[in-house]
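Here chain A shows up in two complexes: once beside chain B, once beside chain C.
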Partner chain A sequence: MEDFYSKLRKTDQAVLQKLKEWARKIIENAEKERRVYMELPVRSFSNVYFDEEQGLIQLGDRMARREFLNVGHAKKFLQTALVASAIKDLVEEGITTSLRDVYYRIKHTIPGTKENTVDDQRESDKAIEDLETMLGFVREQLHVFSKGGKGKLAGPIEIEEIVPDPDGGRPRVVETDGTNVGMGGWAIPPITEPERVQIKRVDADFVLVVEKDAVWTRFHEDRFWDKYNCIIVTGSGQPDRPTRRLVHRLHYEFKLPVYVMTDADPWGWYIYSVYKQGSINLSYLSPTLATPDARFMGLTISDYHEFKFGKEVKIKLNDQDRKRLKEMRRYPWFKHKEWIREFDLMEKEGFKMELEATSSKYFRYITKEYTPAKLEAKAFLP
Partner chain B sequence: MAKKDMFAEFKEHSVAEFFKKNKQMLGFSSRIRSLTTAVHEYVSNSLDACEEAGILPELYIEITNISGDHYVLKVRDNGPGIPPDIVPRVFGKLLAGTKFHRMIPTRGQQGIGAAGVTMFAQMTTGKPVHVKTSRGDGTIYEMDVMIDVKRNEPIVKNQRSYPGNWRGTEVTAEMREVLYNRSKYSAYEYVRRTALANPHAQITLVEPDGKKTVWYRTSFEVVRMDKVGKPHPLGITVDDLMTLAHYVTKARKVSSMLRTELEAVGTKSIQELEKLVGRDLLEKNPADLQWAEAERIVNALKQMKFRSPSTDVLVSIGAEQIKTSLRENLKPRYVAAVTRKPKVYSGGIPFLVEVGVAMDGDVKGFELMRYANRSPLLFEQGACAITQAVNSVGWKRYGISSLQDANVVIFVNVVSTHIPYVSAGKQAIADIPEVYNEIRAALMEAGRKIREYTLKVSQMRELLAKKRILEHYLPELSTALARILDEDEQRIHQILKSALEDRYRRLKELEEKIGAGAE
Partner chain C sequence: MEDFYSKLRKTDQAVLQKLKEWARKIIENAEKERRVYMELPVRSFSNVYFDEEQGLIQLGDRMARREFLNVGHAKKFLQTALVASAIKDLVEEGITTSLRDVYYRIKHTIPGTKENTVDDQRESDKAIEDLETMLGFVREQLHVFSKGGKGKLAGPIEIEEIVPDPDGGRPRVVETDGTNVGMGGWAIPPITEPERVQIKRVDADFVLVVEKDAVWTRFHEDRFWDKYNCIIVTGSGQPDRPTRRLVHRLHYEFKLPVYVMTDADPWGWYIYSVYKQGSINLSYLSPTLATPDARFMGLTISDYHEFKFGKEVKIKLNDQDRKRLKEMRRYPWFKHKEWIREFDLMEKEGFKMELEATSSKYFRYITKEYTPAKLEAKAFLP
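Moving on, here comes the complex of A and B:
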């Protein structure tokens, strides 16, 4: 307990220290070089690449200067400084807030003008992302989370969570046993950094990530995690950062294999790649969020044939699906013969299929036959 | 009504009738314009007389309102004075042609002359004009002058002379059906523009409400117009020729009239002309010359070749003088001027164009000032080649995105022994290609000069706008950074502010350059 708490305090101290260094650098440069600037990595698509060796979408090393005295940069510069100052408040006061809160905290009319410091939450969000890259701490360590609450988990796992004290006193520690949770499972909190969430014990053999919330509930109700000794996770569609972070940690801290299950459609397959390689937007976070060793369980178009589903389950591809498919063919991380075969099949046969379609055979088909068969055969895609 | 008809009737009717029928064309149309015309006739006479005598002009103009549309105009100059025996002809005989035979670029070419004012005053009030003049020889003459409308001859009354040490001429005319104000066609505007184009003249104007305005001299250079020449055959118009034939020449044949009254016309030219218009016409008595015949002669002359008239009779204001005048009178932030070299049009008529541009500072709005031989052209703006040339220039290229929205005065003076007017009203210059192109070229040359200024101004505006934005952001940034550093906000603000000032040092340099009104 003492250890856990001091870890958070140490990180907080380091964040405050780093913020100060960052601001001091700006002032010192202003005095010496007569220029007011900050240096930060270029986060545009042109500086993002796929790291074959690590299997991660990574940010390149190109740097850019943001100069206050350049009118084109000035507003962004100011926004970044305002967010940095708000973060200092958050860390010092020991509270966490959402991106939306930060947006409202720094939003005000600049005296003498009709202009607001920020007009769109995207501006403050970007400022936070920029600070993450400049300070070397992730947003969660800066006490800021996104909406969160999309992720769920159940299975043989024991978790300790830090809950801040509303009066600024010593935080409480809440323990959760993943086998003793209700139908909603354990709600993955907005921040799953080690400073706040400690995984005390894991008895599972693997992690099963299910794209959709409703399908995950099927697995949970059927106590799939008990029967197959696994941890079941869902990100309810496109996973948020804490969910991805937790899957990453389960893999790296406990060496658990990670299997992902999504709809057989371009969107589902892309969600798999986000768990696995990271995303282009958050490429600088891939090393802590992505799990390159994750494997794809299904659904695939081959599954449709192998498990002999009826043609009623087919959904015709629309134009958007075909467009997305074309884009995905270009992604270097999908350049595996197995995936190319699936892309070809989908394109040729012109349909997609949802996880829920497995119920066309009977309810529980997915937990009773499909998944066990897949696990048995170790029939995973890279 | 065309000038042709004007002359046809002139022969048959009295001058009063002639004047009434042609009031419009002679400049006595609207109430405002009539007064402007009267001022023009007197002021241009005064300026011309001073220049011929090598005197720095000093004019006093006073307009008083008796009641309603009833005004008194008084114009006094320090000119050479008019010999008393000439006074009746100058003020009491219409189309006396006193100026015409002198081939110099005078203002008096424009308009009907001082006798026209006498006619107008007489018609509207029944009263003579009062003239006081002295040649500085110790005797002052005063007299009332009217026109015998049946014979077009002067009537002089109340003539007297007395000793006095004064030199100059003062005319007082009482008239009705006129109106004074400060509109763009007004006598006020006429005087103001005259002052701008005649920096060597000091002009005082006393308006009906007693307001006195003095335009001081910005140049002390005497303008001399002593190079007298004859009209050039290529520049002569039909009515010029008619005036020559009927009122000026003493020759008994058209051919000898052309030889004696025109420049560069010799026996050879007459022989050539004979082939074009026939011998009979050239043998005619000038007094019997009809409009159509004069037209034939003028057209024929245009097809012939003549020695070019000399250009040294062209008297320009000069770029430096224009700049000084615009700067002193308009108090602009920037001024540029161009005086082009003389050119010729229609095969040999010399002319030259000068352009002045004054921008910003006290200059508000757009104003085009047109001049012919320094005399302001207030009317018929749309028909004038100067206006057309100004409109044809792509001012955007010179940093003025829209003339109408800019604070700029464009001053154009066309100097020539024969200004090619559009009509007898002599208020618009015809768009003869050579003249039009030369005006354009002058405007563009001036444009290139102002581009340097407008560029600096727009750079400055842009920089200033940028700096303002940063100045608004600066306190916000200082607060945020000071909060992170737990340091004094003032100190942080000082450091950032000084970096900002450093960055915008160029702004100051620009401001200084523009402030100096550099070329």
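Moving on, here comes the complex of A and C:
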């Protein structure tokens, strides 16, 4: 345990050191060049590209300057500095907090004016993202999470979580055996960086990610993880960062193949691509959050025919679906003949379908027949 | 453990017997009166009242007939019968499922027509609600949940969850010690009926319900449950049924006072009233889901002044907020002078405020000063 905790201490020290260096650099530049500025990577769409080789959405190397004495930059400069100071407090106190709390922490009316330091949480969020790229640590290492975490997990895995004592007492280690969790599964915590969550042992052959938590409950209740020796994970819809991070870690630390199951609709398929390639907004995080080797295991419109579902499970595409489908065709990571075929099929046949529709056969069809058949046939999409 | 599991078996048998009696009654009536019908309590607003004495939204005793040979009733009759049959399957197989799955399970095109048995999940949901009132068992006892569950809990509590083996094997019991859970807490499962979730031991003085999961994480990280000897619960916003059921059970089975913390806005205050009185839609469930003795512990507009928050944390009321506030004034359970005072104050001063705004002082202000002061002063609203 000492070893484990020393990891967190080391990261914290490295963050504090980096913060100091970053601040010192601003001061040095100011003294040398008589200009107060920080340099940061450009995060706009123009500096984001799809790295074919790695299969990742990545950030390019263009840098920009944020100058204190530039009317267009001054406020952002101030916001970044205030957030940096809040992060220093968090790390020194050994506590974590949410993005919303950081927003309120730095929100103040600037004395002698009616101007607030921040007026919208997006401003402090952006400042944190800037700091992530400048410091080279992810937000979670800066002790900031988004929400309380909504992912769930079960299966043959042993996890150790470190819970520091915020009053400086002895930190605790909480152990979880993923085969001995209740029907709610193990609640994936708001931060799953290796300094806080250690995966002690995994005895599984693959990771099965299920888009929706209600469907995940079917897999959990049927002990699918036991029968097929796998880890089952859900992000309860669009996955949060700690869930994606954990899936990424299971793949890279334990070489587990990752299979993702979503609804057969453009939104479900996009969720697959978030697990797999990362998102455009957080391109600089792809190397820690994404799992490019992930494979899609269904649901597709081809499945509708192959598994002979009744026409009553069809849901007619609406205009938004069709629009989204068009956008998806443009993403380079969907430019595979298998996906183009599915996009064509969905557009032509004009319907989408949900995972729960498998219950139209019988309640356990998805765990008894559908998923086993897909696994057996290795019927994955790229 | 045998004892515990036999509880679930007994409930299941009682459900099956009740289902059979219910079906037999329809047949008997048909033979006697030559009319095929079921009798069910009226659930519309006209049959819902606020029970002042019990402090609960309750269902009146008006009954209605649903007739098979009535054009306006026939489809609903069919839907209720189909859902009853699906529930029989679930109970007999010893598995649970979601509302969405039940919808797909009973959705079929009626042979020889273009008519579907159900076209919208609301129809099957209503059929389940009808069965709950007719059979006298809650939906969870009929093996149906809504979603995967989003509540969280931590503190001095020992819980046993029974996990039946869906293949007829030996059921398992999963034990959780609420003082030894990770940062995600204990994931409140989709069903928390006593047949499935047993509260073995509670060593706490009260239950603290926190509206938002990110704020709950602050309380959990600061081990508030240890320092103030309480159980901390969050429903992650609008609470689901299993979370409300558990809060209810902690109050009634262990005589724990329940204090609820929400944002100072009409939506947060309404969430308090859902924990406390139940909701209008599910009035017939109030006796098992609501906790009329729950007390409100903040946030209020009075707190804004008393704790001297800066004006930058104010969020201006919008038209929707004002409209909602007007509606809330009409609810009988908010007709207390303390609440009327807060409604007046909010309307007059024209702002609302979030729990996270307490971070404008410092990140742990809420656990170090605000909440301890409220507890000390017993500053609760009715």
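We adopt the following convention: the second predicted complex is superposed on the first by the 381 of 382 C-alpha atoms of A that agree within 3 Å, B and C clash if a C-alpha of one lies under 4 Å from a C-alpha of the other, contacts with A are read in each partner's own complex, and residues count from 1 in each chain.
Assume a residue touches a chain if its C-beta (ideal position, glycine included) is under 8 Å from a C-beta of that chain, and two chains touch if they have at least 3 such contacts.
These numbers come from a predicted model, not from an experiment.
Engineer: For A:D222, using the defined touch cut-off, is the partner it touches chain B, chain C, both, or neither? Pick first, second, both or neither.
Structural biologist: second
Engineer: Which partner does A:R35 contact after superposing on A: first (chain B), second (chain C), both, neither?
Structural biologist: A:R35: touches chain B, not chain C.
Engineer: For A:E53 in the superposed arrangement: first (chain B), second (chain C), both or neither?
Structural biologist: Neither partner.
Engineer: After lining up the shared chain so the two structures overlap, which partner does A:D61 touch, if you call chain B first and chain C second: first, second, both or neither?
Structural biologist: Touch status of A:D61: no partner.
Engineer: Does chain B (first) or chain C (second) touch A:M183, or do both, or does neither?
Structural biologist: Touch status of A:M183: second partner only.
Engineer: Give one of first, second, both or neither to describe whether A:E93 is in contact with chain B, with chain C, with both, or with none.
Structural biologist: In the superposition, A:E93 contacts chain C only.
Engineer: Could you figure out whether chain B or chain C reaches more residues of chain A?
Structural biologist: C
Engineer: Going by the contact definition given at the top, which residues of chain A touch chain B in one complex and chain C in the other?
Structural biologist: none
Engineer: For chain B, which residues are in contact with chain A within the complex?
Structural biologist: Per the touch definition, chain B meets chain A at residues 466, 469-470, 472-473, 475-477, 479-481, 483-486, 492, 495-496, 498-500, 502-503.
Engineer: For a test of understanding, state which residues of chain A touch chain B in their complex under the given definition.
Structural biologist: 19-20, 22-24, 26-27, 30-31, 34-36, 68-69, 71, 74-75, 77-78, 81-82, 84-85, 88, 110-113, 115, 117
Engineer: What residues of chain C sit close enough to touch chain A in their complex?
Structural biologist: The touching residues are 89-90, 93, 95-98, 100-105, 107-109, 116, 145-150, 152, 159, 161, 163, 165-166, 174, 176, 180-191, 196-197, 212-218, 221-223, 234, 236, 310-313, 354, 356-360, 362-364.
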